[in-house]
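First up is the structure itself, then whatever we jot down about it.
Chain naming follows the written order as A, B, C and D, and within any one chain the residues start at number 1.
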């Protein structure tokens, strides 16, 4: 490398003197190309590449309280539009998806509310979002019945987390529900830690009741979705992931890609976690290359920011770039999935 | 409240003019009582209170790559000393515990190594720790045999994650192993997302082989440890948690405490994650009060720092405060825990 | 407060199904109103309120390498549009503004470049932005001449940092320069730590030369801008601040507002720094209320994010909300400001 | 490099089974050598190397509210012990040093206090530290008299920030004061942004009064300490820095080292700020190598943590490593420094 090769592309300074579309703003970010703005512009480009790559299975990893905070319809719409092909989520996000599907709501609150007062009022706080306890009680009640129904219909067959999510989606009739959209679109939803959420507590209620009724409970195998997600990765000619937050969903996707001895072709991580304490959520995409989870020549970027800001911008930029009424076809080899 | 009540305790400035023990340092931090130093001093006090409270079941939540980085023997020793009564861990930490128990090692590396080179050399990087691929291959190989053995012995019985961890501990003979120490000390280890780790991939190998051999695989129920951990919480007169990192382990412990309608009496969280993006790992202990996960009058503190620094300091301070050769008896009502 | 008062405004989930303008995106963020998205929507509202408040003097605090990364023209344009009335900046941002005004450039680089190679090539790195050494040498050379000229013209008079910035702006002819735009628009630029930048080193070169030539150097009084900024605050009927980063600029603005016994009416802080270690940059806007730096009933918000992403969004949203060709008149009582 | 060269040093796991001294704990951290623990062990080694290097001038950079939080006596003692040779500080830390020297106090508070109440009570909050307004009023009153005295004695001579700090130290008689200890030990204290603190507001009061009294005010030149700190760097055979926080002090030290065309030989940065948003405080020590601020072969480390925890540990470890009653001689060539 020669010195002049280092100094080829000057930073062009933003200029915002009239109404801009979201994607025009991203163009400005591309011009400057530095710090968070540069990373975000690259993230938008990578999502577009994934969307235009007919061979790419797009995985979405979902951790953190994104659904309570307002991300639900956007994800449901992206699933229906073919712009997400596989979802890997914490249990909690599907709990909150189900709460709304079953008639509950999340409410705007404040991060400095008095939690002792909220406790007395039976209102739960997630940073600045509130959920009334009765919406959880309602969930417990209706979801127990749904579990009964699934248990009755599955007749002793053990489900994977992915089967389970499909059975839930089948029974939730809200079109804005992620689980419903995934069910209708034949998009698999993996819940590798589903037990660690209200869906686990519902199982506790359900199985206690079933025991009294001398009926078998819904059975969920802890390991069987490993083979399923590896199967999807093997069928996929290309793989891309978009990670909101990190956690178990990120690790599950990366490990599945690794298990195929192939590695991801595209990766966008949106997080505020940092690398230095060694946790997976904050680990760099460079580090994943040493494992083979992400290909050495993959298109990758980490955007350090709040996913509630960053991901909608990426989605808005993508939708603007694609043709109107664009519906992305299912990636090749994924046609018969599920 | 009157103004004078606000201004009662002046900050006393540190003074370090001779050799200090770790706990003497913590006394200095208590004198100043501000920022991270004040939080750390409180954390040490809370751990001491838990340890001296005969009724308190002490839960340790373990997320992030703590075992690869050097935390293994310390945790094993604390388990044996009765200073940890229940472990809730990511799968990965137990994977790395097993790697060392089965003869492998972790190596000191650097956070700026070239990951393309590491990939070619089959060396995996976790921030500044390295693991050679062959130690994973060795794990896969030996662990598949262990799974075979567990499957053979359990004769079609479905295990919980807690049963499974006990079966692993029984078969790992390294005294420095967390799983072994827990097995020997009858300390339950919950692995609510065990599938999301190499232990999940091993199951994929194992079950593929068992299918060919027409033998049933090891069966792990995804939900049955929910009832088990709630059972422990119900038996406990008091509950305390120490959280390293956050993630699924933190949520699992908090949810179990909530399910008993009781709430934790003590809580120390060590994390670098932040609250504003709404993830569970960074959520404040104030917020947990609104849910009833932590009691309103509980002793709690969050220390913002690297658990690899903070937790050993807490442990060293505690060991110094306790009588020599102190072995904490199992908390009341937990005596028959299995 | 009654329970029902807590649960009044449900989170409305984002919906992005067609091309959106930046402000339409912000409307979506307002609908959800949670986490970073909610904070950003509030920040846009506050900037609009400031802009429409004829009495409000709008202070911009500028810390961090925003100018090298592409923020220069945007700030210059906002100054010309009357949407920023006073600038308080680190010296470094004005150094980089001057580098470009004097013909230099910043270049797109990468955060993982080999700094030993860059050192050998005389290329300086600021995260992922590069500056060739010769642009600094050119700055030193031309700026020394400018200092000579200022010293000659000021005839022994001691300048304030604000006078100094005006003299620089007068001599930089680039219309995209922040210093030039401020000079032309009669917007004061405070540089309370100007010595801590290449402008300090230039003074070292200049004063050494002047000594040899037996001429008095440019004299800058360290304290005289205190009275000037307090004077502006006293003349202002209302005060608002937008802080990019924090540091000395934030403290200078807040202290000036405090010195008037009045306090700011509007405050938006954009930062990634955190509160728990006690630094000013990460301190909460709540805390500033105890001092009287910000009024108890002020409109305030902190957005936790990268200023290179967040501030352009705020600016784009504001420009869209204002009438076309909007030029904000100078706030009342600031008309004769010089 | 061969593969085996990568895998030479296994992580040794911590073992804490009896009372440990602080330095014994650091030995454990060195054994593991990973994440924050590894970084901290390296930081302790580097501080020891600086202390044992007779040629090394040790610079301390002080930003963030360290003095209010309890760091005052420790720094004063290190100055007297020769373990810090030059201080570069924010104005605010010296303000709080002076508040205590003049009879005031800081008080332990809480980060969730009601700031509206504090405002009514005239109590200022710095995260979880409180300062009563009367201690600031007392400072204003007594410090104005000190400024008068300095102005009278300096007879129109313009001071540098370093002269000014010495004049303050001469007049503060508290042996625990940093300014006093520096004065007595002939350790220069640079205050490159002193105007941005209550010391700036005091000048406003003082100069207003002097104008009425038709007497010249204390005059502080904004630029003259540039030559002074460069002079110290040029005289130093070796240079090391310890940075608490970052900000202007870090930049001032690094720029001075650069101006000598030499670069620092040792560098320890303690911060929670992050690199990705491009600010100087969070910038990596790798990046400084591209500029020549830090030598390519220097001993350097960044510890990501709260300086109130990390720096006392480093100091305690160092004091334990040095001989009892160790007083470090002034570095060579710095003997006549004034």
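Quick note on the criterion: contacts are C-beta pairs under 8 Å (C-beta built on N, C-alpha and C of every residue); 3 or more make two chains touch, one makes a residue touch a chain.
In this text the structure is predicted, and so the values were computed from the model without any measurement.
J.: Tell me, which chains sit next to both chain B and chain C?
T.: Common contact partners of chain B and chain C, which must touch each of the two, are A, D.
J.: Compute the centre of every chain as the mean of its C-alpha atoms, then state which one is farthest from the centre of chain C.
T.: It is B.
J.: Using mean CA coordinates as chain centres, what's the chain A-chain D distance in Å?
T.: 45
J.: What is the distance in Å between the mean C-alpha positions of chain B and chain D?
T.: So the centre of chain B lies 36 Å away from the centre of chain D.
J.: Where the centres are mean C-alpha positions, what is the separation of chain C from chain D, in Å?
T.: Those two chain centres are 26 Å apart.
J.: If I count partner chains per residue in chain C, which residues reach a count of at least 2?
T.: Correct list: 34-36, 65, 68-69, 112, 118, 123, 127-129, 272, 274, 276-278, 286, 304, 306, 308.
J.: Line, ring, star, complete or other: which describes how these chains touch one another?
T.: Basically all the chains touch each other, so complete.
J.: Name, in rising order, each residue of chain B that touches chain D in their complex.
T.: So the residues of chain B in touch with chain D come to 1, 3, 6-23, 25, 28-29, 31-38, 40, 65, 68-74, 77, 105-109, 112, 117-118, 121-123, 127-130, 132, 176, 272, 286, 304-306, 308-310, 312-313, 315-316, 319-320, 324.
J.: In their complex, what parts of chain A are in touch with chain D?
T.: Within the complex, chain A touches chain D at residues 34-36, 39, 112, 274, 276-278, 304.
J.: Going by the contact rule set out above, which residues of chain C touch chain D in the complex?
T.: It is residues 63-66, 68-69, 92, 111, 113, 115-116, 118-119, 123-129, 158, 161, 192-198, 200-201, 203-204, 207-208, 218-223, 225-227, 230, 245, 247-248, 251-252, 255, 259, 272-281, 283, 286-292, 296, 306-308 of chain C that touch chain D.
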